[in-house]
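See below for the structure under consideration.
Labels run A, B and C following the written order; every chain starts at residue 1.
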Amino acid sequence: MASPHDRLRALGIELPAAPPPAANYVPTRSVPIGEGRSLVYVAGQIPRKADGGMYTGRVPSQVSIEEAKSAARACGVAILAQLEAAGGLERVEQIAQVIGFVNCEAGFGQQPEVVNGCSDLLVEVLGDAGRHTRAAVGANALPRDVTVEIAAVAILRT
Amino acid sequence: MASPHDRLRALGIELPAAPPPAANYVPTRSVPIGEGRSLVYVAGQIPRKADGGMYTGRVPSQVSIEEAKSAARACGVAILAQLEAAGGLERVEQIAQVIGFVNCEAGFGQQPEVVNGCSDLLVEVLGDAGRHTRAAVGANALPRDVTVEIAAVAILRT
Amino acid sequence: MASPHDRLRALGIELPAAPPPAANYVPTRSVPIGEGRSLVYVAGQIPRKADGGMYTGRVPSQVSIEEAKSAARACGVAILAQLEAAGGLERVEQIAQVIGFVNCEAGFGQQPEVVNGCSDLLVEVLGDAGRHTRAAVGANALPRDVTVEIAAVAILRT
């Protein structure tokens, strides 16, 4: 069976170094819950482009749904990078929860399509372990005007 | 003592089948935490009407606070349906956390009254086990323009 | 080493009584996770002033970033008061997660600076135990028009 790192290679994705937090907080926190497992909280990740810039702007007036979906996928890459740093992708037992915030206009209703950019990636890379519960909601504003911000909670074997 | 199912009957509520997720995610994820208990994450639930349609629109310009409260109650019914499918309502030890997002105009400040539609139901059906911590916030947009979306975390005996 | 209460004194902060919830929910819920530790969910805290009023209004049109940061710090004081009531600050092993919602105009992007008001306080009072993962997002509306609402999850030794 392909490992998460095999799958990343097959997808042509190179995990970046785990992005440092933008302010006075930490990117992950691990909570042992017994039987060699930990609950790992991942801070809200913002969407970085390969060139170091960010995906910014509101959907759909400034950014298309497809671009926003790419932004959500970039948030997913950052979540994977954080989990790699927190213990390793091969130790992910499940992604328990994903909360996705989409920078959008009032009345926009396609947050699910946008956040699928992250959800699809997590399943492509982690298989069944990547399937998660999710809340996807709109926000009238996000840090640095990024298009998407996504936080997660995962279970890792330690 | 009345069971959760007795209370549902007394309230005239028939639990629907657990709603399937609207996108690439799962409705619940269970995390064993020892001593026969699990942390159960419930995906953001949206408010379905008995006729299969949804409660949509923004508070208070398009939807009244009372209607929005009914929408929040419908989200609560969906949360209960998910917990029933995840192990059974009689196994709910506590609802640990509820996060409610209310689709509203800028400046609207009665999210607590709206989300009480869900909170009241959880306590009516589950008694003390249904009492939860809560965050209730506004959102300028929600999936499919629904009026309320509510996610939860519960503890179940397994 | 200074205790959390020593640090509060040094900062001139007197913890208020744990604020009661504004609606049908509870301020904290504790979930035992083994080895004498509990996961403690803290309901979304709103920013009270010393005079009992609240910090209200939107950033940056009605409230400056500095004022909003003070509001976030007040939310942090309320989180500490809740943790004191839930078991005691000296038992906090870590703050696992903070979710901060900032009442703001569309396009505002300095939620991190605002929510730092809470994050800085948690670290000042709890030291390393206060370092947390964080999501900071914008909201077009919050309960009672408060400027900031912050929920948290902590680990306490029991």
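As a working rule, a contact is a pair of C-beta atoms (placed from the backbone, for glycine too) under 8 Å apart; a residue touches a chain by one contact, two chains touch by 3 or more.
No experiment lies behind these values; they were computed from the predicted model shown.
Contact topology of the protein chains: fully connected, every pair of chains touching. When the CA atoms of chain A are superposed on chain C, the rotation angle comes to 120 degrees (nearest 5). Per-chain Cα centroids separate chain B from chain C by 24 Å. Of all residues in chain A, those touching 2 or more other chains are 33-34, 39, 99, 106, 139-140, 153, listed in ascending order.
Interface residues of chain B, counted against chain A in their complex, comprise 21-29, 31-34, 39, 41-44, 58, 99, 101, 106, 139-146, 149, 151, 153.
In the complex of the two chains, the chain C residues touching chain A come out as 33-35, 39, 94-99, 102, 104-113, 115-116, 119-120, 123, 131-140, 153, 155.
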